[in-house]
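Shared between the two complexes below is chain A, which pairs with chain B and chain C, respectively.
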Partner chain A sequence: MEAGTLSATIFRFDPSVDDAPRYDAIEVTREPMMRVLDVLDAAVDECGLSIGYRYFCGVKRCGMCGVNVNGKPVLACWEAATPGMVIEPLGNMPVIRDLIVDRGAFERATIELEPRLVRRKPYASFPERYTHGDVAPTFPLMNCIECYVCSSTCPAVAGGVESEGRRAFVGPGTLVQVAKVALHPKDELDRREMLEDASIEDCMSCFRCEQVCPVGIPIVSAAIMPLRGLAASAPRGRARFPQTFADNVRSHVDVHSASLFIRAKGWRGALASLPLVLRMLVRGKTRIFGRAGTEAKRRVDALFRAAGS
Partner chain B sequence: MQRASPRVVSTDVVVIGGGCAGVYAALKVQAEGLAVLQIVKGFAGRSGASIFAGNLQLQSTKDPAEEERFMAIRARYGSSYLNDPDYIRRACRFTEDVFFPEMEQRGLYLRRHEDGQLVTSHDRKAGNVWAPNQGFSGTMIMELLRKDLLAHRVPLLQETMVTSLIVRDGAVAGVTALDIVRGEFFVVRAKAVIVATGPGNYLATRSTATREQCGNGFAMAWRAGADLQDLEMQWFHASDIAAPKSWMRLHLYPNPMPVTDKAVQLYGSDGGMFFHLGMNPKVKQPYYLQLRYLYNEVKKGSASWVGGFSGSYTHIEPEIMENYSYQAQFFKHLGIDITKDRVACGITWHMTFGGIRTDNRTMATTIDGLYAAGGCGSHGVGSITYVSYDGTVAATQACERARRIDLPPLPVDRVEDEHVRVHDRLVPRKERGLLPAQVKKRVRAIMSDKMGYVKSGPRMASALDDLADVRERLLPAMGVGSTSRNWNYDWVEALDAEDMIDVCELTIRMSMQRKESRGYFFREDYPYIDNKRWLKHTVARRSGDGVAFEFTEAAPIFRPENEIDDFLTADY
Partner chain C sequence: MKFAYYPGCTSKGSTREADVATKWLAGKLGIDLVELVDAGCCGSCEVKAINPTLHFMLNARILTMAAEQHLQILTICDTCQANLLHTSRRMQEENDAKRSLLERLKAAGVTYGATPRVRHLSSVLVDEIGVDALRGRLLRSLAGLRVAPFACCHSFRGPGATAGSRDVLEALVALSGATPLPVRVDSDCCGFHILMVNEGLAMRTSAKFLARCAEAGAECIVTTSPLCHTALDIYQRRTEQVTGRTFGIPVLHLEQLLSLALGAAPGEVGLDRHMVSTDAVVRHLQVAA
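Up next, the complex of A and B:
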């Protein structure tokens, strides 16, 4: 590589004419503090490549320039360009052309979950009376620009947001949008059932979304956990499952499937599944009593305390 | 070549653009019970100028004396006496009575103190508020409006470029458009059309406009026969970040930071401070003054029009930046410590004060049934709050028309001509031909070089020659990298290139007409404000294939004291 230049590899694919994706190697003039987006602009202007990439603002407002760089999802306008980087489209979304993906599934999921304030009491007058403290829980979420960089890398949505029958997990980006209104002091919509339908319990709290959020939103702690708390009291109680599972491990050291089954499905659900439970007992897949010792229980309990739950 | 006839759809009102004016217009038409189709080149609420609104003006209109004082300030310092104060008054009242209450009901969080008071600047008189931080207000407003649009199921076509306005017998009959994702050209018949394509146009190398804003609104209105006005009144920013390139739209605000009376200070390459807010305490938004001081600095040799000067926030408490500025994270990300370091700045082509000539009471243009709302109108808006008024007024008028008339018949020849024009742009580049994006870059370079802040007759004439060369030499060989119809942005940019050249030429020709300097418009060969001859709007009208110019008096409500003022020392 020449001094003063920067090389990169760019994913190219036009499904309407190409049989398979390919990669173009480019070399462009290095500029001060160059961003990934500057490299894409230069690839067009200097190398004459007609690459499909989306952006509008260049400064983290439009949220439309998400790409994967060396496998990490980023905003092209925000991420520093590095020599030899590989630029590819975001994951969990179909490719329209080159680096452009179809965000439709996530956007539809967001709008279907009523991401707007729903007031029951009449609005008095401007400016409304409340303090900064009143909006503190929702404040960190206000900078979300709906770039869906988080959702593109979420393992819980890997199967797609719109699988048949039950709606699959909607992804962290959508939940930030929902939490922003659900935690607003003036919102009065009961959102519990909607959250159950969004399969909020599928979040594994792996924190991958927080690690990649280009605006630094604490997605799990400030959006998903509070929403899960809300949804836990929903009629079907599905959102309780992560807590039920954690409690199960905490008190039994190992997963104790019989009691987990009863806790998660209720006595009636467990009775309906009695033949399955009996088969599991016979084959030794589960047991009636746990077998962990007191010392093991103490140590696991300490771990849970250390993890803050 | 035989082409299939394009698909034709019908509606009552077409809205072009997805910023605040366009969304307000579309919501209003739908609320009136009429059919609307909103067409956005980018994405509603995600592209265009509105997402950049950094400060929100909240002006109390309840005290007549206070309102009058504001109008006088706005006329002098906000428009160099070209605004119509009556329009500003109506827009301000709408802002206070309708826009802010509606946005707050939608969930807009105007930043508050712990006691519930709105955060303003230090003296609580500048009238700026923020949602929730300086630099992010427009993004938050547009996010809420986009949700409303989608929740109300307003018919919306995104990533769709309107290529022309279809006019028949002096009245609008619809639009033609290109669906960028599928590569389909189609026709929309309508009784009224509202253009809301914004004030910003990416017509120079460094611009605050978004990627897709290429003067298309002006170009299509002009080709359809509408009058344009004051295109020479192009605003610039002196304090946008110099690098990285893609951050050229990152603004260091010249008006006070929240809870302070302090704003960015500018320094020359010799280390001396050449601009701060205290130099002209009456001027709270001293964007145009920064540029005049920068001119002196360039003359001195301690700055240049491509950089070499810097801005600083070192006099502002770091916790204020941290708490109230969306921009602060950007400096940190680059490793700039804004408590100590200065930020290299550059000059940027900002909004156009002029645009499609409108009656600011109705937003009607000179074509029946065509309305222009917001920044693409000619009344010098420059505020996301005011354009909600424009959108509402335009929609009300468009609905009134749509109820009154039948769907006009399509002029088939016009549609076919446009179909051919658009189709012919999907052609591979010739040998040594450029991609459309490369041609656009050359047009922008010409404008930066010869139509920057400092203008003169000879430089402008030379810019016209350069543009003519692009038109004659580069356009015929220009072509797309692939003729695929699947999200082919080369195709869009080929149409952009033609629009940009048209609009740049008009801007230059209108600039050559105005023989004075005013506001942001600086002619080195006429370095004085000529209130005797030039309290006027420049109007461009189509005359055959050429242009005829006319000059109309600016609204005479407030007037400057002097007939002539020295441009470089005047404060307006």
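Up next, the complex of A and C:
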């Protein structure tokens, strides 16, 4: 690298003409405080490359400039450029051209899940009164800039497949939009079945979305967990697992995996896993009887009662 | 060195070898473990979805059981560690949320006092005993063994994360003489928490990591989480069935790997209890230089 220059490698692919992606190595004039976005601009202006990339605001508001830099999903407008960086499109989305990805699947899912307050009763007053407590659950979510950087690296999205009318996991970015209204005190729509249709139970609680969120939203804790709590009581029972788990802890103190397995999968599902269960039994990897004593059960049950469960 | 030992549900159930290996290792290193009997589940990732207050209360009760004995808590499960650590952070705040928790705990018969320090065994080994002191006690080496360390997501991200936990795991793998390989990427997950909900998705997810292990020539995976161990070892054959690939990669608990290096016989630390054969690891055992 020459003094005063910065090198980078950029993913290039136009599905309408290219058989396979390629990588262009570039070297641009190094400027102080250079961002990834500045390097892309310089690649066009100085190197004459017709790279496809997308942004509108350049100041972390529009959420349009998401890219992977050295495998890490970031906003190009907010990430410092580093020598030798590799810039690639976000994952979990089809490439339209070069660094531009098709966010359509996530955006359509968001729209289908009605991310708007549904009000049926007349307003009590105008302006309406809100307390801090009223808005506390949705407050951290309002910073979302809908960049879908979180969904681009979610393992449940990556491995999701649609099957037998069951939708693949819609992703954390979409669920944040739903949580903004579902956790709002004025929302009057029963969203539980909708959340089942979003396959919310597929969230692996890996916190990857929280790790990468450019605006620091605690996505799992503040959006997905409360939505899973709502969905657990949905009539079809598809997202019931957290309640089944909690019931298991209440009955057994320690998780009793054999009964949890049967409750979660049903007898038919459990029987289908019989070879696995038998191998586990042979290796002493499952307990038939729980370990906890009566006194421990009483104490844990008291916690459930005091917590209002 | 004495700790209140909280093994967690899985180490007392489907990965009992983790508990066995921990006790062997603690005995060898002079760590006195006072097991918290009937402490119950930490709530994993499910109870907090249903009732976050209950989640904190379950963990606060466990913290109280250690505090009553004036002991720090020692965990061997990254998820238990994260939940207890998150709760201990919450209980050190002074706000209405904490006061409300204290009242509810009192109503349930739990008098919450001091907040004990919560520590994963791996960090105790590094911070209290030290890598150099441990190295001086090694009887055997696993030199030549190519290991893919797999730290649980909950150890390094989320509200109960511990800074540097992945470095600690890697340093302890290297201590055994094995060669840690940078196989795990940040978007990896073992899929444990959806095993009972969407097994196919869990298998496809863990298969990505297992496939990368195979491509990197990893002969073994080492983890600090019994939950990840469950997904990667117990379900590995199911993963092979779902994805049509063959892996056969043994998965060791960190406590087992270190115990082997400190002279444990494979049977003493439960290597015979694994679903994927650990013979390839045992073959690497040699006298330390």
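FYI, the second predicted complex is superposed on the first by the 235 of 309 C-alpha atoms of A that agree within 3 Å, B and C clash if a C-alpha of one lies under 4 Å from a C-alpha of the other, contacts with A are read in each partner's own complex, and residues count from 1 in each chain.
The rule is short, and it goes like this: a residue touches a chain if its C-beta (ideal position, glycine included) is under 8 Å from a C-beta of that chain, and two chains touch if they have at least 3 such contacts.
This is a predicted model, so every value here is computed, not measured.
In the superposition on chain A, A:191 makes contact with neither chain B nor chain C.
Once the two complexes are overlaid on the shared chain, A:132 sits against chain B while remaining clear of chain C.
Once the two complexes are laid over each other on the shared chain, residue contacts for A:142 go to chain B alone; chain C is not touched. In the superposition on chain A, A:115 contacts chain B only, with no contact to chain C. Contacts of A:30 after superposition: neither chain B nor chain C is touched. In the superposition on chain A, A:78 makes contact with chain B only, while chain C stays out of contact range. In the superposed model, A:100 lies in contact with chain B only, and not with chain C. After overlaying the two complexes on the shared chain, residue contacts for A:279 are found with chain C alone; chain B is out of touch. Shared contact residues of chain A, touching chain B in one structure and chain C in the other, are absent. The touching residues of chain B, when paired with chain A in their complex, are 42-43, 46-48, 51-52, 96, 100-101, 104-107, 109-116, 118, 132-133, 136, 138-140, 143-144, 147-148, 150-151, 181, 210-212, 243-250, 326, 329-330, 333-334, 434-435, 437-438, 441, 480-482, 484-490.
Considering their complex, residues 9-10, 12-16, 38, 40-41, 43-54, 57-58, 61, 104-105, 107-110, 153-154, 157-159, 185-189, 191-194, 196-198, 200-202, 204-205, 208, 234-235, 237-238, 273-275 of chain C touch chain A.
Chain A contributes residues 71-72, 91, 153-156, 158-161, 163, 169, 199, 201-208, 210-211, 218, 220-221, 225-226, 228-229, 232, 241-243, 245-246, 249, 253-255, 257, 260-261, 264-265, 276, 279-280, 283-287, 291-293, 295-296, 299-300, 302-309 to its touches with chain C in the complex. Within the complex, the chain A residues that touch chain B are 14-17, 31-35, 37-38, 41, 44-45, 48-50, 52, 55-64, 77-78, 96-97, 100, 111, 114-117, 119, 123, 125-133, 135, 138-139, 142-143, 145-146, 180-181, 184, 186-187, 215-216.
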